[in-house]
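Working notes for the structure below.
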């Protein structure tokens, strides 16, 4: 089976992952409208290709929060990588470092932050944070991440409660007994912890976070100009336009559509990134043309892991990189 | 079979109800365009979700005509509940009371109003009225409903004649011999009574109704701003924006689209409700955001009955309640 | 098999007609886009239904060119009715008279005009005319039609050449040997006469036609405001907005869409009719609401013939009549 | 199997060509969105047909760059005709001459320019050029074409690198060993030459080309008004609006949509042609109505070759010619 484009990895993962794991990664909230819209919205955007420009040399490197990456595609935070590949997040970290890009490790990792760090020393990593009712646990994680060299905190803002993903409910989804949410072992055994997150979090908690760490704070899950403005005013260093892969509120906007108004509201004061729906190198180019500094991929990264772990994820990233470079050349 | 969302109840009902009964409940007029549009129109409406608001405590109770209900979803009037469950409307009444919401009993019930009242004393109930050529029969029903504690009259305005539902014609739909339109037993034996309704009813008949009862009068079936204005001028207490589940005139507007202009025309002078196409908690939130005080569900209530009678209908209502609460939280 | 709506007749005809005959009647030009658009365009038009109007008595009769018909649906000219039913156009004439409506007999009839007239004396009939290269033949037909009591001439303007109907080409469509174009027997034996029509016909030929007869002249095939204005200026008495059932130029406008601009241009100076895409009584109501005085049905009439000849066509007309009356009542 | 319309030839080619050859010709870049849009965009354009005009005599000849062709459809440059028919481009040249139209021979022909010229002496031919890193090779080809009587140079501007055609990658597409890129035999053996084209070509290279030849220069691959303006300013004699059949950058505009802005920008200063998505005679008429002087067909020409070589391609051209003449007549 030739792995030519990201859909090939998706087909592979669908075929070889256990159904319960596939369903978990594929899940969208309710009717999955927003999950699918993320992809469809990219298709509605059309290039205006320009010709006869010298495209013999192209530099696709970029910098995010001052760190250089080899091309503007990073790994979005997703949970439970051991469901896709035995080594889990350790493989993810290695692939990201090998491709010289940024990996945002999830609070819901099945490896500890130490294991992730040890697996790929020197790699560029950010840490994604949920704020738990048990604030002490969250504080400890933040400080641990800082100590381990993670270079930014990514606060997820769109999950006061977990969205309703019907297949997960039907499957009674939980982690298998031999996997653990390693970074939260004190708090609960396995499975999606019911009601452990704090739904009373507000913008003021940005100040609380700021008091805990000197890391830059990025807020993930912003979809409107109003929230973008609030984010800037509360002093974040970056915004990830995201709808959690369509897994939270169904029937909100596609991220690439929301990106436009967020970029406009932010007016360059902080960096803006986007995730959700990236399936081709030309999608990356569209996001950048609409003002994103960099994009992050979620499900495609997991498909890469499911295919061949670290090597599979590198395949996925390399395909995106080649496609991105080619579309830049062809679009002039 | 896990019952996770309303579609699961629909699938169950389609599988287990006799075809003639399923067809009757599912029927739309002509090509069923409006029936299906009711649902599609909700999908076209997009949320603009806001983040980092304290959603730890949410009050989803509301009041309709002064009576409190536990959440803004009531039971729309539909006929022939015994086709779905042996206890028929008695089960409906019990489920509505258990969930502390409002049940609008239909003129075309297969239980008498007394039976319905006796099944769930103290429940909040309204009575849906068709005006028959035999006005004395209608007058008697109105006065009986008032005497039995029904708290409002819901006058259906969109059925001067029955819409053309092709499958019912093909099936030669009639009630089975052991079921009766209990509230109309004097008038006709069983089946859809041909030409028994009065097609000459006009706005002036609101005054006639008013002369019969002190109950508030709600008019059901309004789809335009002009009729909304007329309704207010004729002194009704409430309006249900409805197209009879797409069973009357095909190719009119979806109810959620019509709601907007009705709410605008009414300018808060009377309460406005809507039915048709509600399939998820987020649909309820959309209707409320567009100005409805409360929504009513028709077919989903019948599916609940078909699944497990009173318990099944409670399941349906509870799912909607949970989904509604969750979407409120996720939309901020 | 219950015949409930026009689609039932279509399904019957598709099943029981010889493929070559079905294909001929069903054919559209090229990709059949316009043929299908005729129907889809009706679906895009939405009613704004009004409530509580006295609809107990409704008069659906109308007058076209001064003659009363029982409801605003006539029979459009279509050829070769013997392909659908042995008695051919004689049955059509009888059904139209029985339903008290207008039948436009085609030049390409498989019965003579005498046979048609004799089959249903006193029926309201118009005669559809193609102008042949052999002008004498056309002149003779016109004068024969007038002598036989046809009450108007319908000049088809959209067929300088026959459209490309792929299935007819594939099937090598010709009339079976025992059928003849009875009104043109001098000119050619059977089959679609190649190049017999005069492609040099222009607006000035209206004057020529006028010189031949005192019958009112109706022009069929107008789709633009410019041609509507020309038609009025050249003194026609009526316009049929038509695209020949999508059988001539593919990818022109749907007739119900073109009706609007034609009605606007004509400003009541002559009567405007429309054909193409009528499948339900509510379509008739839409056409009338948009300014048509009457509609004509083509393929549905043939399906009725194919079902049971005269009786089948009456069934089709009666269903449309009932549906039309019901939609009027439900739309208020 | 009756060959009635171009889709019939497509179906034939799909059935009888080796999969690898069919895939090569059918291929579009990435998701094939633009390839399919080329066709869909034509369908969105609607005629406004006019009636009663004298269409008995129609002249469909036209001139391109001063040379008369029998109707405004030429053969676009496509590679590897031997994959479709043993005689390859020699058959193409013969068919084009027989139909008295223009054939643009591709750099990637499987016959030499001499063979093509010798096969159909006196035919109207243009030569399509890619600029290779090895400029001397390109220069030699240009001068050879001029010497052989090709009457214009068509510079392809949209292929600095080859687009990503997934099926070709999956199939490991290469020419079979017995076929060669005859015009480039010095440079590489067979298969798509990797990186042989010069991605540093810019507008200034038009001057370089101009210095090599007195042939008119046409630029192919323009999709925006800005590039159209640049093309005129750099002195080209013609523009082919093209997206390379959707084989280069996916998700750019359909060519018929881009044609409008190019024609507007050019304001008649040079001739504008279009290729991509032509499947019916009415598509040709639409392109001309929107300002194209002539259209070129790519895949349909190959299907014709695959059907019966020279004769098959003539069939395709004759069908287009007949359809084009008929649509002109029917559109008035």
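Note that the chains take the letters A, B, C and D in the order they are written out, and that residue 1 is the start of every chain.
What we mean here is this: a residue touches a chain if its C-beta (ideal position, glycine included) is under 8 Å from a C-beta of that chain, and two chains touch if they have at least 3 such contacts.
These numbers were taken from a predicted model, which means no experiment stands behind them.
Where subunit A touches subunit D, the two copies mostly use different residue numbers: shared numbers make up under half of all numbers in play.
Matching CA atoms, the turn from subunit C to subunit D amounts to 90°, rounded to the nearest 5. Centroid to centroid, with C-alpha atoms defining each point, subunit B and subunit C lie 43 Å apart. Spacing of subunit B relative to subunit D, judged by their CA centroids, is 61 angstrom. Contact of a single residue of subunit D with at least two other chains is seen at no position. Judged by the touch criterion defined above, the protein chains form a single closed ring in which each chain touches exactly two others. Residues 30-31, 33, 157-158, 160-161, 163-164, 166, 169-170, 198-203, 205, 219, 221-224, 226-227, 230, 243, 248-253 of subunit C are the ones touching subunit D in the complex. Against subunit D, in their complex, subunit A makes its touches with residues 2, 4-5, 43, 45-56, 280, 282, 323, 326-327, 329-331.
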